[in-house]
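The same chain A turns up in both complexes below, where it pairs with chain B and then with chain C.
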Partner chain A sequence: MTQDRVNVTIDGVPVAVPKGTSIIEAAKQAGVLVPHYCYHPSLPSPAVCRMCLVEVEKAPKLMPACVTTVAEGNVVHVNSPAAKEARESVLEFLLINHPLDCPICDQAGECELQDYVFQEGRANSRYGEFAKRYNPVEDFGPDVLYVANRCILCTRCVRFMEDVAGEPVLNVSERGDRAYIGIDPDHTLTHPWSGNVVDLCPVGSLISKDFLHKARAWDLDKTASVCPGCTQGCNIMIDTRDDVVVRLRPRANLDVNRHFICDEGRADYRWMNRGDRVEAPLRRDGSKLVPTDWEHAIARFAELAKSVRSVTILASGRASTEALGYLRKAFDGASVSAAVKVPTGSEAPLAGVPNLALRTERIPNLAGALLAGFGTDWDRTVAGAGASDLVVLLDVELDDAVAKLISAKTVIIATVDDDRAGGAALVLPTTTMAEENGTYVNRDGRVQRYFQAKAAPGMARPTWWIAAQLAEVGRGVAAPTTAAAAFAGLGKTIPALAGLSYSELGHTGRLVEVTAGAAR
Partner chain B sequence: MGYPHPSHPKETVVLSKYFGDAEARTYPGWVKRGGYEALKKALGMTPDAIIEELKASGLRGRGGAGFPTGLKWSFMPKGDGKPHYLVCNADESEPGTFKDREIMRWTPHQLIEGCAIAAYAIGAETCYIYIRGEFTEPWKVMSRAVDDAYANGALGGNVFGSGKRIDMVLHRGAGAYICGEETAMMNSIEGRRGNPRIKPPFPAQAGLFGMPTTINNVETLAATSPILLRGAAWYKGLCLGNPKSTGTKLFSVCGHVMKPGNYEITMGFPMNDLIHDLAGGMRPGRRLKAVIPGGSSVPIMTAAEAEASLCDYEGIIEKGSMLGSAGFIVMDDSADIVYEIYRLAKFYAHESCAQCTQCREGTAWTTKILERILKGQGKREDLDLLLDLSDKMTGRTICVLSDSCAAPIVSGIKKFPEEFDAYLSRAKAPALATVG
Partner chain C sequence: MAIGVKVMKRPEGETSYVRAALRGMRLTFKHMFQPKVTMQYPEERTTADARGPYAIAPRWRGTHRMMADEQGRSKCVACGLCPQICPANCIKLVPGEDEHGNRYPLIYEIDEFRCVFCGYCQEVCPEEAIHVGVHFENAEYGRDRFVYDLERLTSQTHPVSTLWDPADPKGE
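Entry: the complex of A and B
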């Protein structure tokens, strides 16, 4: 154990790190951030920006922290006068051709050039009256613009496309201070993962057309979440402005998606902002649905569920494990036939990262559904639903086959308002995954939390709450009052989740054994 | 012989013996002059014995760094089972340097023989000769010579019946100065952009195609056959100065001399004699002002420094510069040092590969400042700014192109302050006509 660790001191902090660790990563362990541009933990290091030069005692000159591995006894100074002076000079060189158009730049507020210049750059320019390099803005593809003037040529984008995506369509063109990022004239950034170059770009050079001029970075609220797009379960941030989701970005999870998400996942957020929502519980009164409060709605639901012998539950694969688990449990004693709908699409792997792909199954919680006792044979479950005493629809699209099932024995738990729901006994407003706390279980059995990113509309409640209230009112089972309590309670019926808690899942999740129909 | 001038009696002709002798270019002509004897001898020796001989000769890299050749070869791993490569650096693009060109033009088989010896010594079966793209005639001569060497069994699957395979590939550059840097050259051969690589790993560990690789300059490799034939002791004995600098070396002398050309002299030869005697001295009525001795990438020497210096690695360091590639750029009193430095900086700004920030931005910025000074718009503080930028461009980048740009600037400002002062004080008319 001790031989494969080396002891180093970084800015006075002693750390022991595995042999072969770079100084920049060792410094992280010591709580010291070495400013850098070209280095990225998910890309090979070219050591070109020269921003991470640090002083290593006994070394003849400053060493690039990103490619220099630590040696036993190294004493590293990240904030010594020599290292700071070197960084100050790199920043000065980077700024001479930088347009400083921060007021109209999308990156402002989350720009590493801005941050480091503010932190330790020169207060003024010595470049004087010389003209800055000028290159026009280029369209790099479906969602990427290249603003060459802001480029600091860190080459992260070039390396991502070449070494990670495996589609080397970007390069450094020209030489010297005329250099810019070039794109293969016969290609655009259409690779299904190419949008990551926007996140990788440390400045505002590669920007998203979708996000262009939508919001200032400092006006955004950022919430940790999990991509609802497929069974991969990439970790994301949901960025909202005034309760409107404006973009999804990858959140680092080295075991799931490293630092990347696919373009399909990145673009799939508009449904989170839909305005045509069910905002109050609706109950049948004669021929029409009328608003009611939750107390009456739950009472009516309990009445409908009372002494039913068979129930069909049809649910969206975006439903949380909590929602599926509590809904399934609410009908213990009856014969339950439950399924989630699994839309499919073509798989799109990211070549450079093992076990990372946009998956064929385009729902986030397939494994969670299996754990909760749901099946995937949608058509057969729909076909057999007519014979059930009660049909519960959870956030499913009311297509012809499903709409046919709707009757006075149907309870619809819905996010969006739909005219076809008119024949149901109850329509109960529920939250989307962006509006609640919950968990998804990905294809590897990783239980991952997502957090509430925006307010729920009107009286909408999480489905687990609705189901738990139903069980309490109908059968006297005490209902949990928080998502954390709801999750902790899942272990009672889903053994794989026993003993787990939200705090234990943290921000990167926990692996569990997934076996279909494991629920008791 | 000598070309274009007959050899001077003070020269020690070894490599340049057949310069101008067209027959020496042909395979039979080269064999008639004792060619390929050294290779045959080498094939009868063990690789270790060759490396020891090279070490004993004191031969040092002629490309500019002056690293001991035998020692470099000894870094190649043994018995590792991987393919090894030899790369011959014939991308001679250092300003003021034209010695490798003449070796390839006149004695191509001398280079092929040297490459074959080196390849055998380091356990390589393939040698790449990376020829500067602009060298059309040398490339044609070399192509023909390689074909002839194959036809006569000096290259190929069974070199002179030894059972050894040595293949030779001529690779033409495409006009980038930086591809003369050994790691950039390897990228270029691999079909990548010619960007220098980070060291470590060093080429002997992971070089061309990730395999153990040795890169030597044309002149270095050409010198191996005379050393093997005549012995290390003979070569080591060729020394007029510091014993660490041995053998003969081709000095390319250009600029304001009466007889520009290549001069092969024994290491330690007085620079004064090289410039004023062999190269014919200054034009009438002119006197020596400055010399840049190592191609353009080394500090400028004043006339006094140059005239007192010895032509070897240590002698020139002692006088404040470096031997480098031994391309002497000689300037008489008609030269405008500020303009010359500007021209060099512009060259480096044009050739910077754009990887490292200091080099990409620094070379261009310093060029702009020098241009401003030449236009008569310079400011007093420009000199401090130039020195400060040069300091920040030195020792902080992947390769030394940035350092090379800084070296003439720093030495020029320190050694010729009055020339800068003339522009800054507006005493001298702006050199606008020459800027652009």
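Entry: the complex of A and C
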């Protein structure tokens, strides 16, 4: 054992942790959860909630696990009678003024107070005859409501705004049992990352207006995904209820976004629930488009793509690396000019976390597109498209410039049904990132997986499947049948991704060399 | 046929039907002079609070009733516990917010055809809003009428089940 590690025993489990680790983190490594409210791994610890008191042998009294660092030979008891009694008392104090409104509280089901009281709280109250403190609900900002009655004053929100966001607009007002979270009267929570206080709140005190009363926590299906908002590639959870996305929440990834996502990313899910989707492949028959099946649609696509000399591919930056890679590869023989559209917005950094910001380029897969051989010079590619033998549009908005290109030599791979697609030779339905498995490569070259969160509408298929089928029918290249096989096959044309597999990427992704490894 | 069948000879008194018929008639006529126990339904009816031989048990679990507050609004706060606990998956609930910012059910429907009348919804309800009723007369002219919406559940007037014996709530 090296010098900078210490050996401790937590609830009978021996662990060796780096010097300076807090007991709560050491316990995590030992597989013991120390109940806590004010502690959060991405925030400084003030030790105000007194929930994480644990018994350390030879210490005179109980120690707060979140700020006590481990020492060599410490023997810690998290579940000893003394520690349990302390927690029970803390919970009793918290419940003196906490309303019993779990049935109408949005946090019910994912509330830490509910969980811990259920686990080790008192069965009944000794304060039954006293009236509870009452404060009205306050509006804290565009998406945040503060329900003062439910607050347990852990101050996570105060510390987030002060130490992480760098905009100290929240504080603890008043004292003693009258204390509540106050907001600067001249400010609201308009910081572009302030929505995180809702996730940080361990109880239902800070709640999202957008999610208010929408669903119960236990109704939600949670799927690991990657935010499609910008090149940062924050890890998110897509929460769906009955195949409808109801909210996005951050998913911890200490190398990318720690525990946070920006408000713009959080609110950007409505397009995943659009009802006006293309549901069947459409083939030109005379002057109109008629529904067909995939076999005929792919055959027609292969016919159009046969012996073309020049192809223009215009793609959305939300397309997966697989989609872009296979689409580019399907036209290997021809001269291909390909571009993704890169919408931009203002950058909004989160001060307290290095290398975390809402980025200027508002597409998730810019690096992946560059790896796959796509350019970013959208206007010039659109202008030059008229001269090419075939134009393929992948999930792009049909604005005036693009709509002008649509002709009998155009194949549109689309998610959304659009009247302007009427002139195309083929319209093929594809899935959005919420409906398929795939990968994005973020600006640091981190290849990250996202998982299928909801069912694809109608006959829609992932774009990589369409492109691979085209290559199989047109040129006899065997097509992969799963997203995992598709990703593994990407390594053949994109050297940077060679040797990677879905299982290797896991839930936190892998860094690859972005600049050197571009295709061909 | 070469199967030998042994025919038993019995005395006339044993084989005659007259004795058995008389015995049966004795039972029939005996009942004519005893008190009548058959309820003349539907001319004669009972209610849950009625006492006597025809009373329905107070813990009977029949079609639901939603309790209302003093203003006549349902007491339901759309917490979602009853659709969660329901083993038959017969409760449809969509929560919403009223003009005072209170949570309430936008849609609350119970499919009484799917319901197995277990009474879990009443047991789990934190607001004592949904109840199973002491009621059994549910005939309708169409199947669609068996999906009870919130208005119908609230306007039911039959008594509600006590689910457990108040004198012995734990069933001991």
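By definition in this document, the second predicted complex is superposed on the first by the 517 of 520 C-alpha atoms of A that agree within 3 Å, B and C clash if a C-alpha of one lies under 4 Å from a C-alpha of the other, contacts with A are read in each partner's own complex, and residues count from 1 in each chain.
The rule is short, and it goes like this: a residue touches a chain if its C-beta (ideal position, glycine included) is under 8 Å from a C-beta of that chain, and two chains touch if they have at least 3 such contacts.
Fair warning: this is a prediction, and the values are worked out from it, not measured in the lab.
Visitor: Quick check for you: in the superposed arrangement, does A:Phe93 touch first (chain B), second (chain C), both or neither?
Guide: Only chain B is touched by A:Phe93; chain C is not.
Visitor: I want to verify the contact counts: of chain B and chain C, which reaches more residues of chain A?
Guide: Looking at chain B versus chain C, the one contacting more residues of chain A is B.
Visitor: For A:Met51, decide between first (touching chain B), second (touching chain C), both and neither.
Guide: In the superposition, A:Met51 contacts chain B only.
Visitor: One more residue to check, A:Val172. First (chain B), second (chain C), both or neither?
Guide: first
Visitor: So, A:Ala460: does it touch chain B (first), chain C (second), both, or neither?
Guide: A:Ala460 sits against neither chain B nor chain C.
Visitor: Go through the superposed model and pick first if A:Ala385 touches only chain B, second if only chain C, both, or neither.
Guide: neither
Visitor: Name the residues of chain A shared by its contacts with chain B and its contacts with chain C.
Guide: Correct list for chain A: none, the interfaces share no residue.
Visitor: Quick check on the complex: what are the chain A residues that touch chain B?
Guide: It comes out as residues 46-51, 53, 61-62, 64, 67, 86, 89-90, 93-94, 96-97, 126-127, 130, 152-153, 171-172, 174-179.
Visitor: Across the complex, what residues on chain A touch chain C?
Guide: Chain A reaches chain C through residues 102-104, 108, 137, 212-216, 218-219.
Visitor: Looking at the complex, which residues from chain C come into contact with chain A?
Guide: Within the complex, chain C touches chain A at residues 77-81, 84, 95-97, 101-103, 126-127.
Visitor: Flag every residue of chain B that touches chain A in the complex, lowest number first.
Guide: Answer in residue numbers: 176, 178, 193, 198, 349-358, 360-365, 368, 385, 392, 395-398.
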